[in-house]
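Each of the next two complexes has subunit A plus one more chain, namely subunit B in the first and subunit C in the second.
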Partner chain A sequence: MNWMMIDTWTVIAGMLSALSCALLGNFLVLRRMSLMGDAISHAVLPGLAIAFFVTGTRDSFPMFLGASVVGVATAVFTQWISHFGKVEEGAAMGVVFTTLFAIGLILIVHAADHVDLDPGCVLYGTLALTPLNTTTVWGFDVPRVVVSLGAVLALNAITLSLLYKEFKISAFDPDLSTTLGIHSGLMHYLLMGLVAVTTVASFESVGSILVIAMLIVPGAAAFMFTDRLPVMIGLSLVIAVLCAGFGHLGAIVVPGWFGFEGTSTSSAGMMAVVAGLIFVVAVVAAPRYGIVTKFVHRWQISMTILREDILGLIYRLEEHDVTGPTVVPGMLKDAMGVNQLYSKFSLWSLARAGQLRRKDDGAYRITSDGRDSARLLVRSHRLWETYLHHHLHLAPDHVHPTAEQLEHITDARMREELEVDTDQPSKDPHGREIPRT
Partner chain B sequence: MKKMLFPLRRTIDSGEGLGAEHPASAPVSIDDMTVAYHRRPVLWDIEYDSPEGELIGIVGPNGAGKSTLIKAIMDLVPMAAGRVRIYGEPYTRHRRLVGYVPQRESVDWDFPVNALDVVAMGRYGEIGWCRRVSRSHKDASMAALDRVGMADYARRQISQLSGGQQQRVFLARALAQDAKIYFMDEPLAGVDAATEQAIIALLQDLITGGKTVFVVHHDLQTVADYFSHLILLNMRIVASGPTREVFTEENLRKTYGGKLQLLDEASQALARGGI
Partner chain C sequence: MLEWPPWDEVASILMLRDYNTRIVVIGASLLGLGGGVIGTFMLLRKRALMSDVISHATLPGIGFAFLIMTAAGGTGKSLAGLLIGALISGTIGMGAVLLIRAQTRLKEDAVLGVVLSVFFGLGVVIMRIIQNTDMGHAAGLESFIYGKTASMLASDVYWIAIAAAIITAICALLYKEFELLCFDQDFAGSLGWRVHLMDAMMMGLVVAITVIGLQAVGLILIIALLIIPPAAARFWTHHLLQMLMISAFIGAASCLLGSLASALPPRLNGESMRLPAGATIVVFAAAFFLVSMVFGTAHGMLRRWIERFSLSRKISQQHLLRMLYEAHHGETAQRVSDPTPLSVCLPRDFLLENSTWSSGQLHGILAALRRKGEIKEPGGNMFCLTESGIRTAARVVRNHRLWEVYLVRYADIAPFHVDYSADQIEHVLGDELVAGLDRVLQSDHPGLVIPESPHPLPYGAASSAPTVGTSS
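Take a look at the complex of A and B:
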């Protein structure tokens, strides 16, 4: 693989664009309007085309202006349509941006006869051509795109850091924000204006696919990792940088894996793919909302319940005059339908906690600690049965399954309240003794 | 432009000459307010002058326009007609004097902020545009959290708080704002009995401190216990004034119409309250 100056500039351009988008994306995600970025990035197209028709040039400034106006107009139209047409905001957004995008395409196709405005480049951009068109900054040759993307990043960074608390409160509680003099509608349109400007600046170099990906993915992925806003913003920027770097690397390397030696694919496309992969990792592994976390949590709960059920089982065996009952993993399969592995593990962890004691023959016997826990559990169970029978008038043969679930979440305070509500009963509805503490 | 959409619009009074009948010092005074959504009126002909330093309950059935009333006062929904005065001046001039506690469901509790951040938001108006939240504002926010007994939870992410705790964070935010008039939208909805008592004690505290507090309330059983004044609302103001005068079976029947179950509740409450 050959890394050249061209590649460095490509990555820098991609990074600047990704960072600008990711900054705004945080607030789009928090306002639950990620797709607004998508809508605006499509809808600015007629703005570009009209600016071109009016001025006859592809100068950046008229393009910026045209696109920004249409970008904010998209937000305004969406608001109107959902308000007066009584349609859901997502639908309103869809109507507005597809219409505007289509108008833009028609205008561009019409213009294409005369000039080099290419609909294809709108989607993928021309990131690879970035380094060819340069300008001089402080004596250095810098690609023009890098200058404009750098300016946009600076604009976004400065605006967001100056108005950080204003953006925060208007995203969290728009009504309160407005009553405090921070008009949430104004903040909304300001954000949309920034999205429009960022989109336009990024269009030519990275294309709309990467813009949409970077507006949504870094913020959404970062949100899964943290519950602090500054951390979320920081993480989203790291993700944006990773996407740009690994995206370009991937564009060079990956085609080789599939036998296309010596060629490279679209860097912008690959950056968006990397973003997708990072998001998948976030969904699976994030500490707060990730799938793994949820799975582990659920597993811990089911193990706790299983351990408690084992203690309850032994306690009930003792009640039936089985002296010194012992438990082996196989028994649990018959009594509770638990598989061998779970049984072994739960018995082992009960022994580790000092609730059971493992004898030489591999069977487990309850300790006095274990008996105390079991007594509380059975007490909760039977108090609940009594409570359900008395207060909800359930038949004695219907109360067991519910009590079986409730016993595991009953703490000391709840038990006290149950005692009061059931007048300190000594027997449950089945006539069995309720163990005293 | 908006006005053309509302055929029910009444001509807006010039406002001259009305000063005499509306005491300039009233915390909140409403003149002839009408509010409509999609041409359908939700509030009609609201005339109201509030007393000062009282706990005022806003009571009425679902869809009576209770939330809309307080939102219209704070300029959050547009009025089709009418005029609101805060201490005799337009709301926009006295924004800082008015605190708002929205319904708890109106915000996203997964938002990545902790309790202290949320309380500090109450001071954003005071801090001003483009400025950071300074040490002293954080201290004031912490003091407000302490006042609602939530100081230990300052660093908790807000989704990890119970419903009652979230409501107390909202109240602390209002305290941090240090307003003179408060509008609270169902601060007692979905909180446990202990929190309800704590909140009521806090509101009474505010009244003692000279604040005027409006509370949208649902539970007719407790109305007479909690509020010294009432607004009985069902699109129009059915009755308003001191609770012992306006909390009558007849007024409730007018407010709640045919909703029998609620009437039963109310008459029970009346019997218990001995009014």
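Take a look at the complex of A and C:
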């Protein structure tokens, strides 16, 4: 692999575009308008074509202007159709952007007789050709795209930091922002305008796939990690940079892994794929909201409950005059329907916590520590039964299942309140003694 | 100069004499029909943009299928193979959406956007590899993105016809199930139906039509065939069956017109315009949508506008009648035994001063009431209620006061505050409701027809009204 100046510029261009998009994307994800980026990026096609027809050149500025106007118009039309026509917003968006895209295709096919204006380059971009078209900034040869993308990034960053509070409040609570005198509709169209400008500026170099991917994926992935907006924005920017770097690297290297040596592929496409991989990692492993994290958390809770139930079982056995009851893993299957593996594990971990003691024959016996926690648990259980019977008037034979669940989430303070509410009873509704602490 | 094609050509196209045209037109229309039917269910389930995701997600499948078939030694252009690839990756994309939506805190739109862009990015990566390795014969794959309606083959049309037939048949067989799934999923579940299975079947049909349609109109415009016809049909009806038929009709008609127009393009400056069929079809569908949105008989803007306009006219007229009536009878109650009041007159200036109408609006209202025979103008800018006007006005006043009585008694609203809300509701009280209110009134005051006003009238009672009297 040869890394050249060209590659550096490509990565920089991709990175600038990804950063501009990711900044806005956070707010799109929060406002539940992610697909507006998709719609706008398809719909700007007629804007490009009309600008070409009017000016007759492929100059950047008129194209930029035309596309931005149509981009904002997409948002406005969608709003109109869903408001005046009472059409669901998603469907309204679908109607608008497919229609504009079709009109754009017709116009472009017509224009293509005269000039190389190809819908393909809108979709895929020509990131690889980026460095060829340069301009001079302070004496350096810099690709033109890098300059324009840098300007767009600056525009987005400045607008968002100046109006940070306004964007934040109208993203989370549009009604509150309206009552505070911040026009949430205006913020909506301002955001749409920025999306349109960013989309258009990114087209030429990175194409619309990357725009859509970068508008949505970094923000969505960051959203999995945190509940705080500044953290979310920071994370999304990091993800954007990672996508740009690894995307281009991947475009050069990855085809070789599959037997296509010496072939590179679309950097923009690969950046989207990298974004997808990062997203998958976020969805699976994010602390707190990741799928695996949630699963592990649930599993931990269920193990805690199982351990408490085992202690409770032993305590009740002792109550029934079984002296020095012992527990073996197989017993738990009959008593609680727990499989062998879980039983072994929970008994082992109870022993490790010093609440049970393993004897030489493999059976477990309760320690005085364990008996203390078991007593508290059974006390909570029977206090709850009393409470449910007295205050909620449940029949004594109906209180057990509910108490069985509540006993595990009852802490010392709640137990005290229960004692007060139930007048320090000594017996539960079944007539069993409530153990004292 | 815009010039239309010569008549011979038009006739030969319209009569479908040309084999190619016939294939294209029939294929496209069937596709529109199938898209319109299954799209209706998607729209009602608020899943319209799901088709967007599915269609974008087919691209990597097409690329993989091509690579695998090439590696296996074929040309890689077997249509069935490519479509199977598309089917598989489209289904995976759909599954990814459902899975991520169920398992994470992300909202629907973000999930759709993520899956769409990542799958499409992957598709582009594979496509670019295919192009760059110079497999030479890969050019045709592009047509999946933009479509190649004009060069449809007879075999494509068979596929489309089969798919459209299957979709229509399944929708007909499962009509009741799909209907309930759209309108009340929880109820369907409570009946013991396997909601997820039906849902999967519906989505499967969408994947099928999308994959078939890729060939014809391309992956971006197939979305339009699934969204626009149903959205347009919704404006015309409140019934699912009718909506399905209208949507299928609009889908088929726009495909028919679009492919015909692209087969006979008008000439601009002597040069034949090139109209890509897929795009032209979508533009026709959009035109149908626009017309439906404005003129639709169930939800159309025009209809709703007219309804609102006529309601506000009716309200103004009733307010004026009430004003004339109350100026005579004031706040007093009226019993059944009371004689029908004689004609009541007020000068125009009084009406203008005590209302918010402009002079022009007042003129319009008075003219309309005169046409209906509710008031007459004996001259001198005086306006009087006629016999039928008095009856109408008495009814409006009665509704107004009944509602006021109800609010004061049951909603515990102070008498001074009831006027405004009664003002709004008096016009829309149904007969049954009035009868109910009347029962409440009769139990308190037997024999009373119009209860007395619980508050002083804004423009004074009869005594302060300038000219109240009889007119010959």
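Note that in this section the second predicted complex is superposed on the first by the 370 of 437 C-alpha atoms of A that agree within 3 Å, B and C clash if a C-alpha of one lies under 4 Å from a C-alpha of the other, contacts with A are read in each partner's own complex, and residues count from 1 in each chain.
Keep this in mind: contacts are C-beta pairs under 8 Å (C-beta built on N, C-alpha and C of every residue); 3 or more make two chains touch, one makes a residue touch a chain.
Please read all numbers here as calculations on a predicted model, not as lab measurements.
Aligning the two structures on subunit A places subunit B and subunit C in clashing positions. Contacts of A:Leu163 after superposition: subunit B is touched, whereas subunit C is not reached.
In the superposed pair of complexes, A:Met33 makes contact with subunit C only, with no contact to subunit B. When subunit B and subunit C are set side by side, the one touching more residues of subunit A is C. Looking at the shared chain after the overlay, A:Asp369 reaches neither subunit B nor subunit C.
Contacts of A:Arg228 after superposition: subunit B is touched, whereas subunit C is not reached. Shared-chain residue A:Val273: touches subunit C; no touch with subunit B. In the superposed model, A:Thr179 lies in contact with subunit B only, and not with subunit C.
Of the two partner chains, subunit C is the only one that A:Pro255 touches; subunit B does not reach it. With both structures placed on the common chain, the touch criterion links A:Met93 to subunit C but leaves subunit B unconnected. Superposing on chain A, the segment of subunit C with clashing C-alpha atoms against subunit B, chosen from 117-125, 405-413 or 441-449, turns out to be 405-413. Touched by subunit B in one complex and by subunit C in the other are residues 32, 84, 86, 223 of subunit A. In the complex of the two chains, the subunit B residues touching subunit A come out as 38, 71, 74-76, 95-96, 98, 100, 102, 106-108, 111-114, 117-118, 121, 124-125, 127, 129-130, 132-133, 157, 159, 173, 177. Only residues 43, 46-49, 51-52, 100, 103-114, 116-129, 132-133, 142, 145-146, 220-221, 223-224, 227-228, 230-231, 234-235, 273-276, 278-283, 285-286, 289, 293, 299, 301 of subunit C touch subunit A when the two sit together in their complex. Partner subunit B is touched in their complex by these residues of subunit A: 30, 32, 84, 86, 162-163, 165-166, 168-169, 171-173, 175-182, 223, 226-229, 231-232. Note for the complex: subunit A touches subunit C at residues 29, 32-35, 37-38, 42, 81, 84-88, 90-95, 98-99, 101-103, 105-106, 109-110, 113, 119-120, 123-124, 209-210, 212-213, 215-217, 219-220, 223-224, 251, 255, 258, 260, 263-266, 268-273, 275-276, 279, 283, 289, 291.
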